[in-house]
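The structure appears right after this line, and notes come after that.
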Amino acid sequence: MWRDALLIAAKDLRIEFRSKVTLNLILPFAFVVLIIFAFALDTSPGTLQKVAPGLFWLAVLFSSIFSVDRAVAIETDDNAGDGLLVYGVDPGGIFLGKVVSVFVQLFLLEIFLLLGVVILYGPKIGGWLLMLASAFFATIGLCAAGVTYSQLASGSRAKQTLLPLLLVPVVSPVLLAATKAWQDAFAVTSSLGDPWLRLLIVFAVVYLALGAIFYSSILEG
Amino acid sequence: MLSGNFPILTGLDFEAGPGEVVLVKGRNGAGKTSFLRAVAGLLRITRGSASVLGVDLVANPADIRHRVGLLGHESFLYEDLTARENVDFILKATRSDMSKAGSSLSSVGLTGRLTDLRVSKMSAGQRKKVALAALLAREPELWLLDEPYAALDSWTREFLDSALNSRVAVGATVILVSHEAHHGSLVPTRVVEIGGGKVINDVSGSDLYQVGPQVTAQKRSGHVA
Amino acid sequence: MESRGYRWSRRAIGIVSLLLVAATVILGLWITPPDVVQGQLVRLIYVHPPVAWVAYLAYGVTSIGSILYLWKRTRNLKWDLLAAASAEVGVVFTGLTLITGSIWGRPAWGVWWTWDARLTTTALLFVLYLGYLALRRVPADSHQRAVRSSIAGLIAFIDVPIVHQSVVWWRTLHQGATVLNPSLSPKIHGEMAMTLLLGFITFTSVYAWMLMHRYQIAILEQKVLDAELDQLIEERRREPDSQYGEARPANDVGNIDQPSKV
Amino acid sequence: MWRDALLIAAKDLRIEFRSKVTLNLILPFAFVVLIIFAFALDTSPGTLQKVAPGLFWLAVLFSSIFSVDRAVAIETDDNAGDGLLVYGVDPGGIFLGKVVSVFVQLFLLEIFLLLGVVILYGPKIGGWLLMLASAFFATIGLCAAGVTYSQLASGSRAKQTLLPLLLVPVVSPVLLAATKAWQDAFAVTSSLGDPWLRLLIVFAVVYLALGAIFYSSILEG
Amino acid sequence: MLSGNFPILTGLDFEAGPGEVVLVKGRNGAGKTSFLRAVAGLLRITRGSASVLGVDLVANPADIRHRVGLLGHESFLYEDLTARENVDFILKATRSDMSKAGSSLSSVGLTGRLTDLRVSKMSAGQRKKVALAALLAREPELWLLDEPYAALDSWTREFLDSALNSRVAVGATVILVSHEAHHGSLVPTRVVEIGGGKVINDVSGSDLYQVGPQVTAQKRSGHVA
């Protein structure tokens, strides 16, 4: 399973690297979302600083929808997913591989996006470690749930619209917890014992486990 | 076997042993593609029983898959990877001998710039050749070929026939769907006609104008209901 | 067809539910006193928490049905149909929770809706199971549909404990755990507690009755599908002749019998 | 051209009606966006009422991305667009047809979404006529720009991410103007002479004209 | 003619008149599909000059399109519409006679449940038949067929040949790409072999083993560079 996961992750990252979707396209998109939010909400800079964590995670959420959609689309184009089954690749490995590849992309994106938030909204940041840790686990949760649901929705011809409908409610607790954790991190007194961080770890573990267990049934079904 | 709620295959009773070359014929929509997908363990069987190479297709369809080489109407390739990268990936995924990638690509005529060309830029026939090269390097036990000749030029057709013949000689089984009258050097040992999702005609061995290559003694049964 | 025992118990539960509803209405509207603080408004407590609880129960049944379907040894399409029926009823009760809550919120908090954690997570619960029902409408064979929706149903259930805990995790406007608190000792007393208990029993019984009905319909739908399928199989098997009839040229048949035509 | 436009619009609406994407999927998605926005921004009810127009148009913007993407994807699947060219269908007609079909869907969506905003955020509405008129022209602008850019992006393999990147900056003036117009409409003193409405009309006309003129070059390119 | 920066067609000099049946052959990747797409006005020509049926392909490629009937590796169908709806749409779009939709669908064997089945559910051959039915109802002047026989069963092959023969007899031109040796009743009046993006062999008329159907006198030139 681990070997298959690495194989899949390497292939997906190579395909992504070749088409440069994350760097060239999703990232600017996320920036545009940040700017649009700032405009549409039309509030004073003070408010923007307060809502910066929420906006950041909203932008990440929207980007993640595109990323997981692409990760699964790679296999449905030209029925390549059937190929994987015929080659005897472990479905759990496929799942983990896709989670890893999406995770790498999203995490990179978050780093750049954070720079954007800092520059555009200028919040003060107290606890870097808490921010990093919560981003790490929140992203795992997002990726695991995203890949699972993207595969669930893939049978439908209206996949691109079914996916957000299913996924957004499922990951919104992650979104909320991550937002809260970052708000805590922005405060001066913050620690790694933050309860939101613990919640994020629980989500990450639960979604990863559910995905790894059920992915094979979804692929087979 | 259902698609949505439509019964695609309604009753097939069919066996094939090693060294056999089964030609599956039938009208468009008869269920040939679905039959091959079922044998490869990709279509679930909802009623009845079925087994291939001794594996029960109803209980554990997954067990047959890695022993099977499937060439379908689609080629299962990644459009953004090159020919070489696709073949390498398939060989890695199936834990096959990686060193054969280059030689099997060149054996189907994909050399030079073509090995490093993305599949999305390739012509219909070139894509099929990439898929074929991967199959040749993998050497599966059971070859399921869905209209393999379509889009291939005559040189490649000949090559495919002779490659299949040499595989069959060492005990591989070939199930082949084709609408074309046969002229190549691959001679079916058996012709099965499918219609309305069931076998309506099964002619084999001495009933054929010519007896196929040696059928080895120890017979593994491939039985699909 | 529906077995006799099933039919009788369904009817019995229906009659009992009706009686219970009547009793709850009488107790809730006339017998119990108005609250010191909330006045007549408090009467919503006999409806609102019970329907919310029944929604949880319904989703719990959906999860159990999903697990039983996913587990190979107990796999049976009936579990999936049960899960779906229960989810549908659950969506109705979640809707009722939202509506009764809003009606209560208007006088109690001055707004129909506010972005309180309990309210938001309840709204998400509603959407999650709407998504579950949407996924069920994606065309697929019954097994595929069952597997996919079972997984979605299980994952959606994660939101239920979150809704329940939301009043603890977030500081909220919404009432804390009054009845279903950890120590299981209700913080209200006397007639009110009794009526509230009756409310729980009533709505659970109504749920059971709706579920049995919906499940029965699902089973019947499945029977119709199976019957249609048998007919389709018959048609499919006759296909090669019916499709072309006499138009089929003779040389085609020859072609198949003698691949020797080199 | 008009005949072709009708033909295309009828076909697209039939395909949409068959897959019921807008009603069953995009609409709930838009609601989810409304809910998520409100919660992620974590503000008091007063603020939400103030930003309600902005959130409404953001939700419409995201929905429109999916709609126009689907409208163009209908033609790129199985290369059907090449077919249209071979049949001699007027490219201007294709453009107008797609705009009409997307417009019908989006306008329906906006009506439902408006109900949602009224219920969830509870804003006071002063000028219904101004709201309706500005929604009408803003939607035309969105659809025209959306269809054009969706076609521009369709050659790319990373279409789904390229589209928002291209489209969001282009339509953000429309988004801002619509938001402003609605804010005016929410105020008690509003009239159809609103300058933002005039701006929206200009955008609608310009994007429609540009699309109709350049669509054929994009298809040919 | 470029794709990205790769020259696909490097020099074709070729004419065809009404009543001609041109068989285009060549290795995989020779440029046959690209050639047909150029003739249909779908591929832009970057250098040189080209004209088809008197239309200049470099200046106004759009003018040729509606006179052309193209059947490619893909079938240009809408997956969510039924066979009947697809054909109706194509006939409306080309302003053709709508009444022929039903009869041409049944002539290719798509009747009963199949006319109301969504294309996404159809088998490879059935899809091709839907595209074919639309072409038959449209009756274009110039038929561009890219491996039309692939995926068709033998009955439909025969039918296609005879349908093309009757079109050719009234002056239509057929350009046909096929890798299969020909056995049907459609006899090419000319065989063009393409290799490396250029014509490497052009045998016609009396040089062929058999002379094709009457070539009408008034010759329109189809010239592609």
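Every chain is named by a letter (A, B, C, D and E) in the order it is written, and numbering of its residues begins at 1.
Convention: contacts are C-beta pairs under 8 Å (C-beta built on N, C-alpha and C of every residue); 3 or more make two chains touch, one makes a residue touch a chain.
The structure displayed is predicted, hence computed values, not measured ones.
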Neighbour overlap between subunit B and subunit D returns A, C, E
Which chain's centre, taken as the mean of its Cα atoms, is farthest from the centre of subunit C?
E
Between subunit D and subunit E, what is the gap in Å from one C-alpha centre to the other?
39
Distance between the CA centroids of subunit A and subunit D (whole Å) is 26
For the pair subunit A and subunit E, the C-alpha centroid-to-centroid distance in angstrom is 47
Could you pull out the residues of subunit B that touch at least 2 other chains?
3-4, 6, 27, 44, 79-80, 181, 183
Among subunit C residues, those touching two or more other chains are 124, 127, 131, 134, 140, 143-144, 243-244, 255
Subunit D: positions in contact with at least two other chains
19, 25, 28, 32, 39, 42-43, 157
So in the complex, which bits of subunit E are touching subunit D?
40-42, 44, 61-62, 65-66, 68-70, 72, 74-81, 85, 89-90, 92-94
Using the touch definition up top, name the residues of subunit C that touch subunit D in the complex.
111-115, 120, 123-124, 127, 130-131, 134, 137
Touching subunit C in the complex: which residues of subunit A?
145, 148-149, 152-153, 155-156, 162, 165-166, 169-170, 172-173, 195, 199, 206-207, 210, 214, 217-218, 220-221
In the complex, subunit D residues that touch subunit C:
24-25, 28, 31-32, 35, 38-39, 42-43, 45, 48, 119-122
So in the complex, which bits of subunit D are touching subunit E?
4, 7, 11, 14-15, 18-19, 74, 77-80, 82-89, 216, 220
